[in-house]
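Paired with chain B in one complex and with chain C in the other, chain A is shared by the two complexes that follow.
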Partner chain A sequence: MASRRRMLLKVIILGDSGVGKTSLMNQYVNKKFSNQYKATIGADFLTKEIQFEDRLFTLQIWDTAGQERFQSLGVAFYRGADCCVLVYDVNVMKSFENLNNWREEFLIQASPSDPENFPFVVLGNKIDIDNGNSRVVSEKKARAWCASKGNIPYFETSAKEGFNVEAAFQCIAKIALKNEPEDEIYLPDTIDVAGNRQHRSSSGCGC
Partner chain B sequence: MTSRDRCDDEPEKGKGKKNVTDDASVSWRKRKKHFFVLSHSGKPIYSRYGAEHKLAGFTATLQAIISYVENGGDNIRFVRAGKHQVVFLVKGPIYLVCISCTEEPDDALRGQLELLHGQMLVILTKSIDRCFEKNKKFDMTPLLGGTEAVFSSLIHSFSWNPATFLHAYTCLPLAFSTRQAAGAILQDVVDSGVLFAMLMCKHKVVSLVGAQKASLHPDDMLLLSNFILSTKSFRTSESFSPICLPRYNPMAFLHAYVHYLEVDSYLVLLSINSDDFYHLKDCRIQIESVLVNSNVLGEVQKSVQDGGLHVEDVPVDSSLRSDSPSPHPGQGRAALASRIGGPAGLWHFIYRSINLDQYVSSELSSPLNSSRLQKELYRAYQKLYVSMHDRQIGPHKTQFRRDESYVLLCWITPDFELYAAFDPLADKALAIKICNRVCQWVRDLENEIFLFGGSPFSW
Partner chain C sequence: MLPAAGGEDEEKWLAEGIAGLQQNAFYMHRSLDSNNLRDALKYSAQMLSELRTSRLSPHKYYELYMRAFDELRKLEMFFKEETMKGCSVIDLYELVQHAGNILPRLYLLCTVGSVYIKSKEAPAKDILKDLVEMCRGIQHPVRGLFLRSYLSQISKDKLPDIGSEYEGDSDSFIDAVEFVLQNFTEMNKLWVRMQHQGPAREKEKREKERSELRDLVGKNLHVLSQIDGIDLDMYKDTVLPRVLEQVVNCKDEIAQHYLMDCIIQVFPDEYHLQTLEILLGACPQLQPTVDIMIVLSQLMDRLSIYAASSAEILPEFLQVEAFAKLSNAIGKVIDFQPEMPIVSAISLYVSLLTFTLRVHPDRLDFVDQVLGACVKKLSGRPKIEDNKATKQIVALLSAPVEKYKDIDTALKLSNFPRVMDHLDNATKKVMAVVIIQSIMKNITYISTSDKVEALFVLIQGLMKDMDGTQDEELDEEDFKEEQNSVARLIHMLYNDDPEQMLEIIRTVRDHILIGGPKRLAFTVPPLIFSALKLVRRLQVHEADEIDEDATTTPKKIFQILSQTIEALSSVPSSELALRLYLQCAETANDCDLEPVAYEFLTRAFILYEEEVADSKAQVTAIHLIIGTLQRMNAFGVENRDTLTHKATGYSAKLLKKPDQCRAVYACSHLFWVENQDGIKDGERVLLCLKRALRIANAAQQMVNVTRGSSGPATLYVEILNKYLYYFEKGNPQITSSAIEGLIELIMTEMQSDNPPSDPSTDAFLSSTMRYIQFQKQKGGVMGEKYQPIKV
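Here is the complex of A and B:
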């Protein structure tokens, strides 16, 4: 019984500092790109409304700081996330190698109910640089890693040129729609005055 | 029957506007008092202004602030930023925030957030917490569909209804025998297995009876009557709706049968059984016929027209003024028509009986006849209330305060609390004398203005 209501999705963006997380967000939400680097402090919060298969989605995007000194914010930030976007720079090997750490750190901090199947999306950013001549992580390598982590959807993007950014976020909505839980009936307790006990309704709440 | 999904209700005024504003709009930022409810993951649940989903970035920021402090093993209570105050209340997985530049004390704002949370429980119960335990991503907004007006009405009542800070209820003034007649028939239906039976006129109690050992907290009455009065579908037909009284049992639903008997008079019968509709309907038919036959409803209408206590009617002896004393309300008022307010510059008062959990408030009249002035007066009372009940340095017994708007006088004894507003030029000694008169007057009239035997804590 899928309803037509709007879905609000909390999306966390993670990745090393300087891989272009904020630029991707700016391109996606504001259609703007700047070559200047401004480090994110803590986190930035953006919203973006999209439509996918006749459903409206509000993406609540948590653009986090990549610097290690902000990692203590993890638990507070990651709670109740619907999707996590891992970003690396195809021109920086270390940022790719760190994807594993980001993913594991996220799963530990957010402790989702089903970590094996928690929706991730991986973005290989900055494919525009030097026409791809400076890239050190091949698409094949990146896809192999994604496949080994439960077939994480993979996109190669350019925040600067706006390439593939929309498609990557459409994918988030697609995953959310696929994982949408069935609406169950919300049934709280009823009171038994005589026995002074509470019955817990069998079906609980639907979520 | 009224289903949980109240989407068919008319949206509140200005709803269209609500959908277009977000936190970047100037009009949104200019609002004096914002209320937000969000989940522990930062998902918006309710916002007084602006469409919730457009404020997702803003609620994310609020969650980040709250959770960051929480991570350090601490709790954020409030932040002052210029003339704005940000007050936080964490209720398990539900976060409530008020951002205000109204200069209300933060304790008062926190009390308002408590009521907002209570209103949410009235609609959904505290079992909602379990949904968040099972699923941190849980989005509560669909379950609150169509209840927008309930929250905006509650927030509005923070500026006109003293029950929101006094934690007491008020009765419609009625002859003792009239209220007794209403109480007797309500008692009959309660004896037949109904948990609570309430006859209300707007937010005022006509009569109220509860089953043995069952007590009704004034805050629950406030939230219940607000829920009923602000949900338009209750007016059009008899309704049966699950409802939670958070102070009675926050985890469970009761089942409320609601029926309007007159324009503003309605009957609420609460049962623990979800299949009690026809029994409650029969009870209502029985009650209605008794109320019509004994003309209780006619008396209720008359009382509404006559209004409550007027400061002009406070009886005083010749030492205080030249007019002859008028021991009964309504008498001698014409002679005083030229004077503004009551004796010695008394403009308004609220008397709260501590044992009865009830208060009586004088009618607002000249010079407090604009809604802005009334709101200011209630905010001043609220401030007074908070300062008198200060946990660190209180409670206090008396307070006399003079500013450019009023003289405010508060007097608290083990039996009652009196809040009075006078002309800013009022004489202190005379004002104190008048306060004594007011208390005596209220006690003289207590059989008509209070409900006896119906005190929640005396059953």
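Here is the complex of A and C:
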């Protein structure tokens, strides 16, 4: 049972509207890129089979809506995430400044058992724009922030040119794999289901 | 639908649901581990039965759904492994349909369906078609929406799209589109139908729940936007019309607003640009309660960002006549919905204006057109008093001012003042301040009197009292602030050409003179100085060439000035007027216009005599007069004598003795001017100083009488300094012995001081004495001159 659980790795991508979350995922999974901006509605995932140390894994990558008004059902899908990817646009300061909000929001909503050590990865996207002349967030600044949050791995990417995308997701997968599964083994009750009030508090359980 | 429930009950139901789900999942896993397909199906169906609940709100239901969703991924993997081991996926597809309840059955069917498509044993389109049809079995809105969103989620990466591995024969992507559209249509129907189920009193709760569920419906549009096969033609001919048909026909406010927003956000800009007519055509058909403003401004926001993204895109906007179409659509929406509040209509114009300013900054006619449409909408209505609406008008009018950074351009917009006519007085002022600030910030010179005229019409709220304004309401500080800004503005009305400049000055004068007494004190001085600047400019010109025919002469300007300053007498602001007369006199002197200068000085004296009553003000005024007079050289002997005589006379008639003394010794400078052909009348200088000494003496005695002690000897020391000044300048009447005598006098005065004398006077005297010593020791001409003075 545990082995089946470990074959699926769940990754959540978060970040402001328009930073390129969907594009990064599409580039990684489908090797496709479109310059057109298309908003994402709600949350939804693509899967990719990856091989790691002779084992096959399914990476379930959840793309999310950056615009709050397209996230009407809440974030129940954060549950059980193995890694959270925070994306910002190196050409938009606000998107970098918001990383902290996204991180905190994730930790509150997903409430992992060990928030201090929950694995994040930060991607600074769109480094291709104007050959980097329009960038406003320096790599140094981004790395400093990552270091201050417990040495979050950092990648500079271009979803458009596919630059560093593969490497970033390999790191994401590796980190997700290292994340200890939180779920304890579920033991069924002998009591009738309708009366098992003691399960109310076990919301963290996720087998 | 849902029974009314407190949050606590809901938590309990959710916990129960999760518990049931976990228990069955446990047994399902065990069955999976032991490869027991039959039990796995049994427990998974029981697990999915938890989703049959009607007691949870969409949010909570989503939590439960996500848990089931995660479990189903494991089941799916199992199915996949089974088929790889040789189990027929077709058999599986049949087998799961034995589940007793329809909802678990359909979830299982979708899950196997996903594996079925992957196996490619049947064309994706057939399986999808089957699934989307089967889902009709669930008509409960919440359950149906989640089931269909499950179908959408598991099928998303398996659509027979172009380039997909599931692509079938030539046009299979059309099947993909059909599938998504059908699922979308069904989901929207379920969603809209929710509105009409259950008692009317729960309407609010229902709307909240519907709002939570909206992304499930909108998601389908996102899926559509990701289908590569949909090119512009297909979008234009099939996708957009079909989606809009659904949107318009559902006649539901929440759905229409949300789905329009979705369409705008999920599809690319270039598609919107090429299908504007279709998209905009739907707007007037929406329910009147739909806030079309938000929808349209989001569209225009997107398009204007798109237009700015690359220079190559702009011709496309012109080619499709984007502005005309948008303008037309907005006009239609406003016409079709007479109930629409005025603020919404104006907001629509604001967003259209923002759009055209961003996309077509060179098309002033577009801007004027938008303003014109707004005027049309406003006309025949009373002045707007709704706070929000006036804010929108200010935004509307500020947009071009800010964009062009040049009021000149805004002045060319014929509809600009016409929109302003519809504002109340307070808002007119706000607008006037915006305009002035723009001029100051961008240093825009207004260079013809016509433009000045037009500008003053725009800012008339600051220039004069408006009908029906209650002046008392206005805060004094605010008023000062406003008028100071007008004063600053006057300096920006400028033309290099003297003729034109004179015209501008005349126009300004005409306008400020009707501003009423309170404003004049602020607005007259800048006009005077602006005009004096012109006079001095002419003066420089005249030195080069004497133009006999020139219509703009200093004399003419001085006439205007004289009349303008006269207006100040009504204020009353005699001190200000006096200063301005003196400024004029000095400028006239520099132009060598003796009669004019004399006239201005005369007026200054008359004002002094008739209006300046306060003794302190008199002191200030007389010193100003003396200072001005001292610098003037245009006068003949007679005129000069008259004026200096007056000045000296008034000086000696000041109220307080020390003031008299100081004014009189200052007058000495009127007879000793240190320049080339200045007057150097040593005798009269001495007369002044002696007179000052007498007054100082009298002052000293007066203090003696009233206080029983002598006053400070400061006045003497001051006079001593004057002596030294003229001594150095070579006035033959001031001799070393006169200085010695004066020093002696001071020493005696200081010693007779019963109480210790004023320390500052002591310091003043000793530094004066040090100065004398210093000059003596310096040697040279000055040293020799000082030598005879014994101290």
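Observations
We adopt the following convention: the second predicted complex is superposed on the first by the 165 of 207 C-alpha atoms of A that agree within 3 Å, B and C clash if a C-alpha of one lies under 4 Å from a C-alpha of the other, contacts with A are read in each partner's own complex, and residues count from 1 in each chain.
Simple rule for what comes next: a residue touches a chain if its C-beta (ideal position, glycine included) is under 8 Å from a C-beta of that chain, and two chains touch if they have at least 3 such contacts.
Just so it is clear, the structure is predicted and the values come from calculations on it, not from any experiment.
With both structures placed on the common chain, the touch criterion links A:Asn131 to neither chain B nor chain C.
Shared-chain residue A:Tyr37: touches chain C; no touch with chain B. In the superposed model, A:Ser113 lies in contact with chain B only, and not with chain C.
When the shared chain is aligned, chain B comes close enough to touch A:Trp62, but chain C does not.
By the touch criterion defined above, A:Gly80 lies against chain B and chain C together after alignment on the C-alpha atoms of chain A. Touch criterion met: A:Met7 reaches chain B and chain C at once. In the overlay built on the shared chain, the residue A:Leu46 is in contact with chain B and with chain C. Comparing which residues of chain A touch chain B with which touch chain C, the overlap comprises 5, 7-8, 42, 45-47, 58, 60, 72-73, 76-77, 79-80, 186, 188-189, 193, 205, 207. Residues 4, 22, 39-44, 53-61, 63-64, 67-68, 70-71, 124-128, 130-131, 134-139, 141-143, 195, 211, 214, 244, 249, 251-254, 272, 274 of chain B touch chain A in their complex.
By the touch criterion stated above, chain C contacts chain A in their complex at residues 11-12, 15-16, 18-20, 22-23, 25-27, 29-30, 32-33, 58-59, 62-63, 65-67, 70, 73-74, 77-78, 153, 156-157, 211-216, 218-219, 221-222, 225-226, 228, 261-262, 265-270.
Of all residues in chain A, those touching chain C in their complex are 1, 4-5, 7-8, 32, 34, 36-42, 44-47, 58, 60, 65, 67, 69-74, 76-77, 79-80, 186-189, 193-194, 196-197, 199-200, 203, 205-207. Residues 3, 5-8, 10, 42-43, 45-47, 49, 58, 60-62, 72-73, 75-77, 79-82, 112-113, 181, 183, 186, 188-193, 198, 204-205, 207 of chain A touch chain B in their complex.
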